[in-house]
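Chain lettering (A, B and C) follows the sequence in which the chains are written, and residue indices restart at 1 in each chain.
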Amino acid sequence: MRIEINNICKDFGDGRMVLNNICYSADINTLAIIGPSGGGKSTLLRIIGGLIPPTSGEIIVAGQRVDFTEKKLVAYRRSIGFVFQSKGLFAHLSAMNNITMPLQNVHRYSKKDALKTASALLERFGLEQDAHKRPSELSGGQQQRIAIARAIAARPSLLLLDEPTSALDPELTNDVLAMVSELKGDQLSIILVTHEMGFAKKACQKVIFLSGGENIESGTSMDLFNRPQTPELKNFLSKVLEWKA
Amino acid sequence: MKLFDLFIVKENTKVTKLQAVVNIIIACAAFIGFFFWSVSRLGLALDFSVLFDFRYRLFYGFITTIELSIVSLVLSLLIGFVSALGTKSRLMPLVYFCQVYVQFIRGTPMIMQVYLFFYIIGTAWNITDRFIAGVLILSIFAGAYISEIIRGGLDSIDATQLEAAKAVGLDSRQTMRLVILPQLTARILPALAGQFASIIKDSSLLSLISVIELTQTVREISATNFAIFECYLFLGLLYLCLTFPLSMLTKVLERRFKYEN
Amino acid sequence: MKKILLAILTIMLAATLLTGCGNKKNENDTLVVGMELAYPPFETKDTQGNPTGVSVDFANALGEYLGRSVKIENIAWDGLIPALQTGQVDVVISSMTIKDERREKIDFSKPYAKALLAILANKNSNVNSSEDLNQPGKKVTVKLNSTGHLYAQKNLANAQLITLADESACVTEVAQGKADAFIYDQLTIYRNNQQNPNTTKAIYIPFQSVEYWGVGIKKDNSDLTAKINEFIDKFYAEGGFDQLTEKYLAQEKKVFTELHFQWFFSDVNK
């Protein structure tokens, strides 16, 4: 899928420029956005997902310019799957209903079809026994995997994940990442913000490095991780990949 | 030692039904016993048969209290909901209007509101029926408290839940219906049950404008037969009949909606 | 541990029983007088909040006569009789009318003053006498537990009775037209008519026999009752009530004379 980010700027009205003239243009299959905390990664992801409008600039996804008026955004969001860092599942619904509710109310599936789709998804990812449990009865890892299932249930063309494993205990991270990896394919493009450098390096095709609200460096993950060009990226990678006593 | 077990709960074991019943009876007996001991020290003779002559008026007053409370509950829920949403609106005059309303009603005693509303606002706008005036006063009063309950409930809903609703493609009306209302209801139901009990008790203040509910009926009756103590004891018993089931309901609701934790 | 608990409980129980025995009332001490300080100039408060008025002076004089110091207890009207019944007060001097219904619960001294009921009517209501009140559709307010209340209950079966706790609320109802009339004593009706000349009119045609005020005493206290009766005779003989009239009710005495009302303290004990 082709994605173009042209001169995206975002400030939240308090003078701070969270995103400063972000430009990026590429055909992506799996894209990782990495960088230090507060660098604007989550904000950029939310703009791409249509959850917040940019202060200026435009986004073109698969040849379509994203219209940021609220009415048009509702339709745009329906074509995108989004996974939050934590607490993204609806607390009052069971795992199964978390998936069927949007299918029935947003995508107009019949009750039967929604149930069929949801059950199939849960089964595929080994989550059938958790179908009728509420999020509070599930582990963080299970919650995230169900959140991913919900995000892809309506077959979106783009899946966005905002640090899906940052709130998890280390032993649960792998399951979630494995599930994301499994989803890679021609029909689904994935953009994720992550701190898991191993995953970004090995499972993601392309990478953007954001720092201080600016697109410092971007390219294939091969290039960025093995041959970082900018001092900021070099600095970041040295801190992240190696524990210096 | 076996008899002792009736009164003491062993560590890490739940209270059995038998233990609960026996000990509740003991506790109630202690309260009632102390009360009648006080009465006997004063040389008072309580004669409850005087109330029997007034059973029709007492029944009518009791029903009126129930009617007042139910209608006020519904109306105050409406007012409270509108007010809570108002404080979250982007229209600033509305936000402040609702905040001022809540502050004023919660910050002043109901007795003042009863008089002010009935004799000034009621007369100015020609609200002559006392029952209707009573319902309005009670609803406006309880509405402010319910507004805060609802507002607290809304605030306690995690922001991510609303973001998720957005992300999943729900529009604002669907978000309200499918995400906010279910979670809000779960959170506020126990508090609302408690508020309903308060409404029932607060309705007694409407006796000030001679709404013929239970308290006013008892006041009028005790004026004729001067059996003040018997009358008010019976009054307390009748109110307990209404509020006790509600407090039980509150406990049940609290347990049922604990899934948040 | 259990033994210590048991010991403590036993001691507490014993202590409660013992203190219960030692709590006899001190009858030779203060005379506690109950009154509702909401009826000027008989029972009211001065600017500092201390009790003052005709009944207060009367009570103090009674205390002097009995050789006891006096303590005034401000109690809401509804609570005066219960206060006597439970012994919270020794006597009630609160311009209370002697009535048979009240006699069932407490005793009264001989009368020390008299009063008549009057009507405060809304100017637009076509009420000109007490007979006009006993019609369906007529709304009459009374203060809870007052003699006006008792009169209305007995004699105004056709009217709609609105009982309220405060006199001021009753007057407001009449002034605003929510009620047609308010039945209360002449003095209060006169005063409130003066305050609301445009909305109310006062009707003084006597419609019942004269009411007499007495001192309320707990039942079966014949000694005290006898002594108080003696005192009332003495007080009259010495012109005590004339002095009180001079001090508190000079203006009112003039008005009553002009309107040909019977005065509170004239011909009470013929």
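As a convention for this text, a contact is a pair of C-beta atoms (placed from the backbone, for glycine too) under 8 Å apart; a residue touches a chain by one contact, two chains touch by 3 or more.
Owing to the predicted nature of the structure, the values given are computational and were not obtained by experimental measurement.
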- Query: Going by the contact rule set out at the top, which chains touch both chain A and chain C?
  - Reply: B
- Task: Please flag the chain sitting at the greatest distance from chain A, going by CA centroids.
- Result: C
- Item | Centre-most chain [mean C-alpha coordinates] | B
- Could you give the separation in Å between the centres of chain A and chain C, each centre being the mean of its C-alpha atoms? 81
- Task: Please report how many Å separate the Cα centroid of chain A from that of chain B, as a whole number.
- Result: 47
- Message: Counting only Cα atoms for the centres, state how far chain B is from chain C in Å.
- Response: 36
- List of chain A residues in touch with chain B within their complex: 49, 51, 74, 77-78, 80, 82, 84, 86-92, 101-102, 105-107, 134, 136, 150-151
- Query: Where on chain C does chain B make contact in their complex?
  - Reply: 20, 78, 81-82, 85-87, 101-102, 104-105, 141, 144-145, 149-150, 153, 162-166, 169, 172-173, 176, 178
- Please give the residue numbers of chain B that touch chain C in the complex, ascending. 41-42, 44, 115, 119, 123, 128, 207-210, 216, 219-220, 222-226, 228-229
- Contacts from chain B onto chain A in the complex sit at residues 158, 160-161, 163-171, 174, 178-179, 182-183, 186, 259-261
